[in-house]
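What follows is chain A paired twice: with chain B in the first complex and chain C in the second.
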Partner chain A sequence: MTGLAIDIVKRGGQRPSEQFSHTKLHASILAACLSVRTPPGQAEVIARTVTASLISWLQTKPEVTSHDLRRIASQHLHTHHPDAAYIYEQHRITI
Partner chain B sequence: MDIPSSLAIVALAALIHASFQLSVSVLTLLGGHAIGVKKTQARVLRLTTAFVAGTAVMTMLLLSFAALVFQSFFANAVPAFAWALVCGVLAGIGLAVWMFYYRREKGTSLWVPRPVASFLSDRTKATKRSAEAFSLGLVSTIGELLFIIGPIVVSALVLIELPALWQLAAIALYTAVSLLSLGIVWMLIGSGHKLSQIQHWRESNKYFLQFAAGSGLLILGFYVYVSEVLGSTIGGL
Partner chain C sequence: MATKHTFDYDLIVIGSGAGGSAAATIAARDGKRVAIIEADTFGGDSPNWSDVPTKALLHAAHLYDEARHGARFGLRSSTLGYNYPSIRAWKDLAVGRTGAGGNRRYYENQNVSAYSGTAHFLSPNEISVNRRHLSARSFLIASGSHWVAPAIQGLDKIDYLTPRTILESIRPPKSLFIIGGGGIGVEIAQLMAIFGTKVYIAEKASRILPHQDAEVGSLMERTLHEQKGVTSLTETRVLSVIKDGLGKRVTYLRGGVEKFVKVDEILVAAGRLPNVDLGLENATVKYTPKGIEVNDQLQTSAKHIFAAGDVLGRDSHTHSALLESRVAANNILHKTKASPDYTATPGVIWTFPAVAHVGLNEDDCMKRDLAINKAVAPLNGIARSNTSDFRDGFVKIISDKKGVVIGATIVAPHAAEMIHELALAVKHGLTADDIAQTPHAFLSWSEAIRVAATKLT
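Entry: the complex of A and B
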């Protein structure tokens, strides 16, 4: 699962691209779930499921933008936890 | 100007200050990050309290500093031209708030320089200790200086015409009232409300808040103009 060699093009193209990290994706989804007071066990299950869905979406892509990754993650997260998906979407557009 | 009128102007200016949202946005993010990394509720409360305290201290410092500067220029009597200038500033900021305060996109992105927004966002994520949260509160108040400069300047001018003890009371009043919106979000986070509900409310009502802040500035500017500029001109004739 961690062996995907996909470049993530960062927002605005100002920062250099980085390798896809499933740990980072998992942590961000977990944090979104926990921040809306989801019980830790449920948050962990949701984060694992959404990360797996994202990895299967990424299989055929050599590179994606961080914006697309966040958008698709949010779509998947929405089916499991709409509140967490909302916070996940809002992260970059709160300030 | 009599003391009740002065305090009323300070309270209205502080209420307008409270309707600006940068510190509220940072507090919402800070709460989200703290809860998201499994910090205990007590730790979340300590971080958010330190942030609010930082905001309060910087608000007090800015107001006191502005009052000190004006006092050194005008002693205890503000000339009509200074009031007129401040009214122009209030009207200008009011119109700018009406037109630009929120960005025309989803979310609650504000019309603050993007590097400032990115810096605050990154620092919010990196904040682990109460001292850092306190500093973040100080910085976020400076970050919205572009908008709060109007209410602060008019309050400072009112302040220097008050007796010394009332000056302290007015500073306390301004600080307390300007923290109202932040205090409400702090209480909601502290009492275990979902951040998604808070953010959703903020997003749904952002244009109302923008309209209220802009209108407040225009009304304050108009009131000060009538009472201090026209009043002194007509009274002087």
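Entry: the complex of A and C
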């Protein structure tokens, strides 16, 4: 899973691209789940499932934008935890 | 002074199939800097995986079938056989001779830069192809569509065929279960049955070829059963599939009764979905899973991005995609905008007998509450059916109350050629009387068109 060499073009192309990190993605989804008081075990399972789905989507894409990652992750997260998906989408505004 | 933006290309075309290649070559001939991106095989679906290879195989199958049944004409064909690898070699030759199939140089020779890889929009004017960033003033999205698997229990756990992968089979399977009784499913059913495969074809609707007139479905069902031993399972829902030894077991529900059949292979031909996973959100292009939204000029919600072909989610005819590609090229290059005219676009199913239709069918007219006249001329009423010893088929013409031809369906050996006479009538508003008054050569299948038209006058 960590072997994926995918470049992430950062928002607006203002900052340099960075390598895809599944740990970072996992942590962000976990944080969104925990922020809506999801039990830690369930949050971990959801984060793992969503990360796996997203990695599967990334298999044929050598380069995507950070916006794409956020969009696809929130689509998958929405099926598992709609409240966490809302926070995941809106956290830049709500924090 | 306003900054003049510079781009790598004037036009980037995503997809090298019928929807993309025509526009790319037109723009290149116009002196524009053009790039074409292909995620799969250059040339797209039609020359590589659908129209050309399927029709080449069907041609060989039809020759074999006709020769096999030639005893009634005094031909000795008892020792006739086939060599499937040689038939596949013929199919590959036909694909190679198109020039476009799998041939990147075809585009490069026309001053079009060709890139292999998946295109992904990074911003409205920039895409990424294998980490290479390319920018353009305009884009044409012609990324096509792909076969989708229906939600059937166990389908994701077994290997199944699609109309694309079956073309690469080493030999025809002994038995085949086809899920989906549309045009492609029926073509492959006949193709494989001719080569000796026991074929089952499952369709949810009450007849195979549900998008055609009712007579077409029932006639093809009867023809396939009586001549090729194909079992049509209409009003059937496939419940589950499971690996069973070397084969597969298909469980289906028909008439409220659960049944199962064991087959060698399963072929899924239950529909296609547009390829829209291109980062379209980054380019502000509106779309749904059923296709990209465009206006009459094929322009998307982003004014510099156009779309053509299967990705629009409309019909999936190659000739419609070519028409859209030419229209999109015109609208990208010129200020005078055009719209594709789909009136009289023929549709053909390349079975034997072939099925061809144009304009409205009877169901379309009922949905629109149109007052119509219709006439059917069975093929057995014309002289050619005697000399060819072939009787299953008909010509059906639909006209409005003034006699203007608005639609037609033909089931006949050369229906694909015959339909264009009626397409011309639909396109130019000719009446049934105009057709009836036109001389038709004696002993041509087209005499059936004159007979049907005469019935309407």
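As a working rule, the second predicted complex is superposed on the first by the 92 of 95 C-alpha atoms of A that agree within 3 Å, B and C clash if a C-alpha of one lies under 4 Å from a C-alpha of the other, contacts with A are read in each partner's own complex, and residues count from 1 in each chain.
Convention: contacts are C-beta pairs under 8 Å (C-beta built on N, C-alpha and C of every residue); 3 or more make two chains touch, one makes a residue touch a chain.
What you see is a predicted model; the values in this text were computed from it and never measured.
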| item | value |
| --- | --- |
| Fit-or-clash call for chain B and chain C when the two complexes are aligned on chain A | fit |
| Which of chain B and chain C A:Lys61 touches, first, second, both or neither | second |
| Between chain B and chain C, more extensive residue contact with chain A | B |
| Partner chain(s) touched by A:Pro39 [first = chain B, second = chain C, both, neither] | neither |
| Touching partner for A:Asp83 - first (chain B), second (chain C), both, neither | first |
| Which superposed partner A:Val9 touches (first chain B, second chain C, both, neither) | second |
| Which superposed partner A:Arg71 touches (first chain B, second chain C, both, neither) | second |
| Least Cα gap, in Å, left between chain B and chain C after the two complexes are fitted on chain A | 14 |
| Chain A partner contacts - residues on chain B that touch it in the complex | 22, 25-26, 28-29, 31-33, 35-38, 105-110, 112, 117, 120-121, 192, 194-196, 199-200, 203 |
| Chain B-facing residues of chain A, complex | 30-32, 34-37, 40, 83-84, 86-87, 89-95 |
| Of all residues in chain A, those that touch chain C in their complex | 7, 9, 13, 57, 60-65, 67-68, 71 |
| Residues of chain C defined as touching chain A within the complex | 39, 117-118, 120, 122-123, 128, 130-131, 277, 279, 281-282 |
